[in-house]
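I've put the structures underneath this note.
In the two complexes that follow, chain A is the common piece, with chain B as its partner first and chain C second.
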Partner chain A sequence: MSTTTVTAPAARRAVSGKKTDPLRARRRRRLSQWGFIAPAVVFMLLFFGYPLVRNVVMSFQHYSPSTFFDGKAPFNGTDNWSKVFKDDLFGKALWHTIVFTIGSLIGQFGVGLALAVFFTKRFPLNGFLRSLILLPWLVPMVVSGIVWRRILDQDTGVLNSFADTLGLGGHTPWLTSPGMALFSVILVNIWIGIPFNMVILYGGLQEIPKELYEAASLDGASAWRTFRSITLPLLKPVITVVLVLGFMSTIKILDLILALTDGGPADSTQTLGTLTYQNSFVQLDFGAGAVVGNVLILISAVFAVFYLRANRSEGK
Partner chain B sequence: MAPLTVVSVLVAGAALAGCGQQRDANVYTVLNSSTDDSYHGWDAATLGRCSKQLGISIEQQSVPAAQVMTKSLRMASSKSLPDVIQFDASEMPTFAEAGGLVDLRSLGLSTRDIPKGIVDFGSYKGTYYGAARTVNTLALFYNKDILDKAGLQVPTTWAEMKETAKKLTRGKQYGIALSAGGAEDGVFQFTPFMWSNGGDETDLATKNVAGALDYWKGLLKDGSLSKSTVNWTQADVNDQFMAGNAAMMINGPWQVETLNTKKNLHWQIARIPVPKAGDASVGPLGGAILTIPNTGDTAREKTAAKIVQCMSSEKEQISYARNSWMVPANEKAAAIWRKEVPELDALADQVATARSRTTKVGARWTSVSLALQSAFQSALTGQNSEAALKKAQARATSGN
Partner chain C sequence: MTTTHPSVAQKPRRRWGATVAGAVILCVMLFPLYWMINTALQPESGLLEVSPVPHSLDLSGFTSALSEQGGHLLTSLAVALGAVVICLAIAAPAAYGLAQFKLPGTKSIVFGTLITQMVPGIVIANALYSAYVDLGLVNSYFGLMLADASLGIPFAIVLMRSFMVAIPKEVIEAAEVDGASKLRTFVQVVLPMSRNSLITAGLFSFLYAWSDFMFALTLNTTDDVKPVTLGIYQYIGAHVGDWGSVMAAAVLSAIPAAVLLVLAQKYIAAGITGGSVK
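This part shows the complex of A and B:
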């Protein structure tokens, strides 16, 4: 059935090809190819190219509230850039972003992978528990933030009273000590990110042929050896996807931090994301906001290139 | 009645037919932050009455408070500004400075019977841009039962408050609660301490400001103030007070609606204590003001002025104040309201001496506020007050 549908137009083209000259036919084919690509190109230019270029241009402009009225945004060279880079807050925020991103990724991925492997085993209530673990994913980020802020409250939070009943002291300043707040925010983000990691990795595990595991057990391989030599290598493409997507969503995080700590106490949880927000929407200095935004884009772009490289070598 | 409405509708329609090209000639919009159900309802009722009185239809568009400014800016660039914008008074200077607002006096709105402080509150660089319906400020709320049981008087000075708070701190109950969160809430709460101590937002690196901050640090050191205070908003403070975790709190009248839902809670209010007996208790003047954005359409702006006039009329001020527990801006209205709710007298007194945050620094307030937040959070979590404030002053002046 499928062969006939494919060959029929080809045959017809061969017949008509005799009448029109081959150059025109080729041109028409090229044109129709571009016709298919065009919508994607237009979409990309409109929704990715334009804002991106705009953001870069904006970072060299004095873009203030009055710009919205008179449309005037005079170029001010590298003023915005030097202003942002001179501010200690930028250095702090960059450092916090790095710690936050790496910490979150390690935690989310580690726990997610462990759970995914755990759920490949058959046991009662497997499906039920798996869907229960999905819950954090369904809760909007801001809601999670608000709920966790209550849980982590130093005096009235559930976590500390629980620790208290266990006799563990229970006065941990989760969100109120500048030295601890970033760590707590990372913990909450790990909690939020686990389901995503687990689901994708679990899906990847299902794709690995069962026969390989049977062969391994016949060869007498240990569980660790099986995991290292079969599971990990075959899961590698999925792992790359999970890590890259996780990276992209973690580095730009904003809503969670705003809901948990508002960047405080004493700027100890300011990240590049909250700094962009603060510059653009609190101080209404859109030029400075654009600078921080550009730095974020640049970091993401570097990782996107790594990702594409990794995928290409995978294809070979 | 009906024919009159029809006639006025026709007249208004005829008058506007020539100019409103993109806008619906007979529909006026008011942008505000009344996303909360009850506030949205009260405003809808007010606008309903004003629509009827002016013979036009007025629509309410509500966005979260943090988005009023950005939404208005976007609307300005797309030339689709609403007819009236309700700004938080601390945001108005920014919009006014960008050339976005019309002088209300030039549109025939009078400031008669409005106290000077409240006219200043709605003014920027001497021009009156915003009419307030009601204003608010902070006060000391206390749990009467707890104070009575301990046999303690309501504190009026810093020393008294410190002592009372210490005595009331026992078990899970803290003596006092306040917000020192990293947002405008915390700064708002710090201003009465800063100002009553002679400190000023034009220079944060002074002994007076440091003294106020050291007073907060002292409360924290005594254990009278929870360490979580740096993570609390004003709403969180109210929750703690309602849950009985705090005997006193610094808060505003917008919490009264929630406070009154708990029937067995007997709260009362007093003026915020001052450094020494006899000092003036200066609180921050808060609240929203009605402004008319500059659309270039004079006829519409004139009608918008009538809408503002109606919304801020004595009658509407009292009705809004009754609902929201805030103090009417107009002197006569305030006098009537005072008789109705004597329990909020201390608040009305505090409003009379309250100060606007933007009178001195204008559009620079956000920079000062961000620097100050960072400073008091650093100080409350261990840093030296003077060092933290010195850094904050440098940051505020560099505009970062």
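This part shows the complex of A and C:
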């Protein structure tokens, strides 16, 4: 490192044959280096930094359908905040978000881990089958949602007609009854999340030294014991990352819910994400939308801290 | 692969057992995709049940999907490609700078990049909409490309940076001693060496932009710029009975993903693990 900073400018000066004083050369060098990074910094400030700040400001402004014609969004103190918090829907949406996120995470992670362990076995076509399982993850989420909406249709969906054939009663209102809808949406999201969980956990499993398993089998450890005492502890950093990433992507899901239920029936699948959308883009009350959005950010921020800590311990 | 050694003669059979189990798992996992294709190939069924296999190939779903969604597919393609270009043009130099230059503050920039991956998209859209109205970017291709590029940029920076850190300092110094400018070194030495990570980052930003629904939904108020994700979503509102066409459109929208999976398997696996864990 020390040689880099000393020799490179000197060499360049010799080549160009110009006399520049070292301080200015260094400053110019720095400036050209910043040139590489600056566009990304500017972009991220505009597309991430600005919205974060703007949302806080917007949450204290009164937006109405006419705002975007006359440009008037007067400040109204904490009106938006008290309005949102007093509304029952906010509490419901918060609760649904918690249930949706935790339910999805448990399902995705459980099945993903089971599949990852399964695919560590050596068998013919392993790699082929493993890569095909990725497919659902690569299909646009809104499209997956629409396909599932067809499958889960109460009267004409294939799931109910299949259950009917098996004599399990074929009229489950998967998406049309308030009691079932959230459960169904979670189920679909589990399906979507399995490939991602599986791939990352599979990668983590590959890193565990094979000798440890050989030693365990020499000691006569049972499969379960081996899993608990070797696999789980050594997989822990990867597990943390998977769970935090899963959390981050689940808590902000909007496409899937809009495609499956549009937040209904009777708001039973309304989450903080869909509520932000409803407030801002359906009712054009961007102030209220910003309030819900800020709550969403706050929750995400708590987990961002977890993610960064997990990332640091994973890094070195 | 198959062994003739007597002591392990039993093994191949047991191995095929696992293959069968794997195939069953795959069938369950891919059933919805099968159903999507199956429904797409059946004649307009109204609200009737769909038969388990298409009896005769009926492509009318595809013809009507193409005529109604074909333009939106092209829009998706244009927007996604534009987003990839913007994404790589911004992320690649930044990844290089963050990997190789010793500048004050680069650590906090990397930190910031990680943080941005956690900002919920709807929150961004909420603020972006009013800014877009002021800037005249609502209902514009460029506006949507920019917003979609934001989905891939943090990921691309993290991914390419972790790759470019490994480029030996000597290689870069050698180029500079030869008199190459910073930019030339980057274009002629660093970029070719980072080809794989560029492809992976490009692939993923394409997929992110292609799958985007939220920005398409929120940053457009007219039908001028309508990607296929938004097209299909509005399609089910208008054609509840015509699932054949809806599913045909869904199949068409899923094709890029399938093609990418086949063409770039190794990059995709590398991207999922590399970009998120490291």
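Of note:
Convention: the second predicted complex is superposed on the first by the 250 of 316 C-alpha atoms of A that agree within 3 Å, B and C clash if a C-alpha of one lies under 4 Å from a C-alpha of the other, contacts with A are read in each partner's own complex, and residues count from 1 in each chain.
Note that a residue touches a chain if its C-beta (ideal position, glycine included) is under 8 Å from a C-beta of that chain, and two chains touch if they have at least 3 such contacts.
None of these values were measured; they are calculated from a predicted model.
Contacts of A:Thr156 after superposition: both chain B and chain C are touched. By the touch criterion defined above, A:Gly293 reaches chain C but does not reach chain B.
Residue contacts after overlaying the shared chain place A:Met248 against chain C, while chain B stays out of touching range. In the superposition on chain A, contact of A:Trp148 is made with chain C only, not with chain B.
In the superposed pair of complexes, A:Gly273 makes contact with chain C only, with no contact to chain B.
Contact with chain B, but none with chain C, is seen for A:Leu284 once the two complexes are overlaid on the shared chain. With both complexes placed on chain A, chain A has more residues touched by C than by the other of chain B and chain C.
Of the two partner chains placed by superposition, A:Thr165 touches none, neither chain B nor chain C. Put simply, chain A uses residues 68, 149, 155-156, 281 to touch chain B in one complex and chain C in the other.
Residues 64-71, 83, 86-87, 89, 149, 153-156, 173, 175-178, 261-267, 278, 281-285, 288 of chain A are the ones that touch chain B when the two sit in their complex. Contact residues of chain B toward chain A in the complex are 66, 69-70, 73-74, 76-77, 94-95, 97-100, 172, 174, 181-183, 226-231, 240, 243, 245, 294, 366-367, 370, 373-374, 377-378, 380-383, 395, 398-400.
On the chain C side of its complex with chain A, the touching residues are 1, 15-19, 21-23, 25-26, 29-30, 32-33, 35-36, 39, 47-50, 52, 89-91, 93-94, 96-98, 101-103, 106, 109, 111-131, 133, 146-147, 149-150, 153-154, 157, 169, 173, 176-177, 179, 182, 186, 207, 210-214, 217-218, 229, 232-233, 236, 243, 246-247, 250, 253-254, 257-258, 260-261, 265, 268-269, 272-273, 276-278. Looking at the complex, you find that chain A touches chain C at residues 1, 4-5, 7-8, 11-12, 15-16, 30, 32-37, 39-41, 43-44, 47-48, 50-52, 54-55, 58, 68, 115, 118-119, 121-126, 129, 131-136, 138-144, 146-151, 155-156, 158, 161, 191, 194-196, 199-200, 203-204, 238, 241, 245, 248, 251-252, 254-255, 258-259, 273, 276-277, 280-281, 286, 289-290, 293-294, 296-297, 300-301, 303-304, 307-308, 311, 314-315.
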